[in-house]
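Consider the two complexes below, in which chain A is the common component and chain B and chain C are the respective partners.
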Partner chain A sequence: MATTVRKAYVPRRSALWWTKNPRYLLFQFRELSGAFVVAYSFLVLWQLWALRGGSDAYDAFLQVWYSRPMVVLNVIILAFAVLHTVTWFSLTAKVPLFRIRGRPPRSAVVIGANVVIWIVLSFLVVRVIFGGF
Partner chain B sequence: MAEGRIDRLTPTVWGIFSLGGFVIAFLLPVFIVMNSLAYPFRLVPFERVGHDGALGWLRGDPAAALLGSSLAWIGGWLSKLFLVVVIGGGLFHGLHRLKYVLYDAGLHRAKRVLDPIVYGIAGAGTAAAVFLAFSFP
Partner chain C sequence: MATGARAGAATASAKPAPRTTGASKTIKLRIGRYRPERSDEPFYQEFTIPYREDMVVLDALNYIKERIDPTLAYRWSCRMGICGSCGANVAGTPQLTCAMYLKDVKRSPITVEPVENFRFLKDLVVDIEPFMEKLASVDPFIVREEEKPIERGEYRQTPEQLDMYRQQSQCINCMLCYAACPVYGHDPRFLGPAASALALRYELDSRDQGSAARLAAIATEHGVWQCTFVGECSVVCPKDVDPAGAIQQLKARAATRLMKSMLLPLATR
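What follows is the complex of A and B.
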């Protein structure tokens, strides 16, 4: 039996394809937010570990935690977290989880409701868990 | 996949991804602000973020002050659950997303290897969060 050897078609894609269009760029940044969220989770685990070590260990940790590069990193992480929040809200508007009188709710309503819940929950976290400013 | 077998893993991890997505969309920004940026931006004094301050909010002192002493026990549960939910949600959501970034980068052939690594890290991190958070009084 003869076998035919064919050269498979391999679509070519530039490694920088996502820089070609603002939408692709936003997509990549949104996906990248995952890395920053994961990084922050591990930073907090490190923080809790340091806190378990007692007063001196936690003071040493805070020296790093509140150093300038770390604060800059945390601002960047916050920016990605907010990007996630905004893109997630607009995503939930595209996936109707319930219907009102047989129709999916308008996206402005869904996003608005999400923003209201976001503000209320943020306020509650500041007040109830962290004791306000 | 063998015929007749139902893939329950894929919808489960997508479900957890979605749940984590909601949790961190609502709770992560405010947590970063309070835990990392409130002191450097002079929103709170150092006593609030130092060793005793951190132990204080983990113990649920602010909630106890608001709710009164009879409901004070809720405060400690609330702050620890908050930590577990934010860390666990962030790990499962973020690592799931990273997995697809890696697939896009050409690692989709390594699904069998990547899946256990990714969800293993997320599970171990969440277990560590439970252990660490609830190890405080």
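What follows is the complex of A and C.
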């Protein structure tokens, strides 16, 4: 049943609504982080393409890769990737897959377990890439 | 919790009169007003009223209505964080005006506006009909495949089964979560936080058998899948319902059900 609405005012939303609240700002950065993660995947594809081109092509790639702008870009991408990961971990805590003594595990436990697994896996990947196994 | 604090204040009539902080102490409020019979645009109006430390925003609104301007329109009822009708934007944040103490608002003048993301009807009164329609769409009641006669007794439940949905059952339909949700602000077709939380409340109820129809209604483009997990709904919720978490749980349940229906088509109802 529809209400009789006479001259109801429809408020206009500011285009800068996301600047009003730091949590909205963080949300926007989190959404933006997806673009940086995609950008990095293109960089990796570029690296593979250079690798396929042989030694000279890869040396040329490395010259660009180690340049200051590229390092800055990588640092920015890393920051957004960390933000993306941490916010994803905080999301996983919202969906309890199991219960301990009838209660869902505490958010800190779920997030902490995710972080530990993340660090261990990252460590293993670094060891595989840089040797040691 | 704010509600508990306000409940204490609501029973203050049995205690000694609240100490005034000085006879001449006043506070200024800036109230968002909309008077459709006079103007097409909302405007602000400032009021200066006597101040007491134990005053909540709703007390201030009541003072203005009773002593200064009887035309001021706003909703309220219980004064103790139960009815969920007195929500407003206080200093930019959706709050229950009965639970927000003036002394806790750091800005001056204290701005009180209608909650965002709803159409204004008059002053602080907004159109709640869109929310009521969303609420009805999730079947917020226990659905049984076959009702048993009353003489066969009630549907019994253990305390553990009650605990499964106790958090979501605390929702008071105050709609502050909708006011805080930028996704709903962007697209009013979004089912939104409170209706989703109440859907989960019945999904988790051991007595309910309406899951199939309910999940089909909410696992849609404008249902729970439209949520991008901003999380602000859970921040402003005065009853700690955590609607953002409820929506993520519903997503998991809907996805699980879909996978089951694909892999075990005969097993799902």
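Basically, the second predicted complex is superposed on the first by the 118 of 133 C-alpha atoms of A that agree within 3 Å, B and C clash if a C-alpha of one lies under 4 Å from a C-alpha of the other, contacts with A are read in each partner's own complex, and residues count from 1 in each chain.
Here, a contact is a pair of C-beta atoms (placed from the backbone, for glycine too) under 8 Å apart; a residue touches a chain by one contact, two chains touch by 3 or more.
In this text, all values refer to a predicted model and were calculated from it rather than measured experimentally.
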Which superposed partner A:Gly102 touches (first chain B, second chain C, both, neither): second
First, second, both or neither for A:Glu31, with chain B first and chain C second: both
Which superposed partner A:Lys94 touches (first chain B, second chain C, both, neither): second
Partner chain in contact with A:Asn21 - chain B first, chain C second, else both or neither: second
Chain B versus chain C as contact partner of A:Val10, first or second or both or neither: second
Residue contacts with chain A in the superposition, chain B compared against chain C: B
Contacts on chain A seen with chain B and repeated with chain C across the two complexes: 31
For the chain A and chain B complex, residues of the former touching the latter: 31-38, 40-42, 44-45, 47-49, 51-52, 54-55, 58-59, 62, 65-66, 70-71, 74-75, 77-78, 81-82, 84-85, 88-89, 92, 114, 117-118, 121-122, 125-133
Interface residues, chain A side, partner chain C - complex: 2-3, 5-11, 13, 17-18, 20-21, 23-24, 27, 31, 91, 94-96, 102-103
Contact footprint of chain A on chain C as seen in their complex: 34, 36-37, 40-42, 92, 114, 116-117, 119-121, 127, 129, 160, 163, 182, 185-186, 228-232, 235, 242, 244-245, 248-249, 251-252
Residue numbers on chain B that touch chain A, as the complex places them: 21-22, 24-40, 43-44, 48-52, 54-58, 61-63, 65-66, 75, 78-79, 82-83, 86-87, 90-91, 93-98, 100-101, 125, 128-129, 132-133, 135-136
